[in-house]
């Protein structure tokens, strides 16, 4: 009933994340005039794009390490993976929305909700994988207490809530998640098979 | 004459479905103003997007299990697979159309026709695969009487026809197809090679 | 100097063709109103989309069979493959152009020029592959006199030229190419390794 | 700690580059009228598209040869690869910007800055790969003094700076980079494993 075929799941997820990360750039508004001034007006678009690019890039990176350590799959893994891709697929349009209205609370808060949805889906995916592989499996030991996963939920949640106070606070918290994940997941790297070099 | 090279067929289909599922999100209208009110006006867009995402995700999932159980291919399989991708590739624009006019019969009906075209193409693909692999093959036994496939045709067809009465009925029937397929295809899973764990 | 690594070339080409075939659908104009009348106004868009989909699908199919029979590559193969992808990447916007002005000679003619460019690039790619693999190679024998390749050049060229007389003639000739290729390339299929079934 | 799993890195990078190269064509403005005159007005768009296509195609080609010669990876390689993809992902919108304002200094200069950012990221990626594989590795010997890499930085930098004098000079320098790389990287080809053919 459990299947070992992470390859096509990886390939499809890579495809979706590759398209998301690329079409997101299309949401950056093309400057209206051939001037530095027009380009400067695009700064918020570009900054939110950098943040969203970092988010998707981080998910790709972690997803990659996660599936490398995974031996067994099943329906729950497939569907929770699709749920993660669903949330990530919403990023491009809402990246564009935040870029158009960077000083407003509602887009900043909704962006955090999408971050929260993605992080929650990733958390569900990790649980589904651990359930399919057993508590003594390589992947379960590698994940451990999953401090970063829990912290991401907290930071996105706080960011979404505090957008009502000030969007700047939200952006700082979202960027903190990105920076935190920037350090790759050594837990999973450590347990991965060694290179034959 | 029959070829066993499902790998590239899977890779190409995955690529197309990954792009479809992602650019479909671009058809969700970006809210015009930085307010909850503007976001709420996008609710139909988002709901139809969720439905279309579920449809493409389900096809990917089933397609994945189907090709895993397939040993032999051939020209008929390649072309019926392209036919399926053709119908699915129409989903994004018509998802956008339904999202813009959720209360109208014609978009709701046309959406069902596209669902019907996809389901029919998938049905043709399944037949082509069974013909290439023989009635005693693993895939033929796995498909069996294909109740879900037949039911999908019926539900999409009814939904398309009943859109003239009320689009709501159509949406309920289309959602029913999505929910029905949500339970993964255990027939194919069961016959798949067991994991070496 | 010659490399055998058709895998990544196939993967990249598949990726590009998968994106082309999918974003082409975005060039189909979303009907302006929720009526059959508005949908009917999109008929030219849809018909040209079907033609372009068939063209890209056929290239994918032939490309697939071609590379399966290829043992050796090299720089000329890589660059002529990129040239083919370049011409195909122009299809989406010009598909949209023809869809907007189906009764006009210039778009119909330019569409043929793009078809001609693609067919010529494919012809160059085939020559480069044969040169890399030698005249006695499996792929060289499989290609043979390449009647279809030559006929495609003739039909696209005639279609582009005759667009000045009538766009209808052009469309018929372009569709003839699509139908002609619809029958898959049995020459290459025949020489491919047999399935272990 | 170092991982040998270049496969998924290649697959993801291929995916992103395939999407970039394809959606870039969407930035070519669809001619407004069905006339040669309207098509001629698109000439700058098409020319910049050709240049950008050549740039991404070249990166794909070099990236391909680079990773073929790579045995070991690690976090620095993953992140510098993402940095390269980030810069390349900016190409489509700025290709569109240059195409809209081909006679202006600012877009021409910014295009060069993006070229510079891409070339610098590629240079960082190459250093990260050499660090992970050791100075005596196959890839390190293959790269050697990396004259082309240094020259690219110089040409893009000069082009960006000289755009203030004349955009034409910039375009000539950018095209020179493309032509220079057109000759594939024989250093890496030479050290690659020979075909079993």
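By letter and in written order, the chains are A, B, C and D; residue numbering begins at 1 in each of them.
Keep in mind that, in the parts below, a residue touches a chain if its C-beta (ideal position, glycine included) is under 8 Å from a C-beta of that chain, and two chains touch if they have at least 3 such contacts.
For clarity, every value in this text was computed on a predicted model and none was experimentally measured.
In summary, the pair chain A and chain B forms a contact in which the copies contribute largely different residue numbers, shared numbers making up under half of all those used. Note: the chain lying farthest from chain B is D, by mean C-alpha position. Superposing chain A on chain D by their CA atoms means rotating through 90 degrees, a value rounded to the nearest 5. Note: centroid distance chain B to chain C, computed from Cα atoms, is 26 Å.
As a whole-number value, the distance joining the C-alpha centres of chain B and chain D reads 36 Å.
Looking at chain C, residues 11, 15, 18-19, 23, 26 sit in touch with two or more other chains.
Those residues of chain B that touch chain C in the shared complex are 1-5, 8, 11-12, 15-16, 18-20, 23, 26-27, 71-72, 75, 78-79, 82, 85-86, 89-90, 92-93, 96-97, 100-101, 104-107, 110. Residues of chain D that touch chain C in their complex: 10-11, 14-15, 17-19, 21-26, 28, 30-31, 33-36, 39, 50, 53, 57, 60-61, 64, 68, 182-184, 186, 189-190, 192, 195-197.
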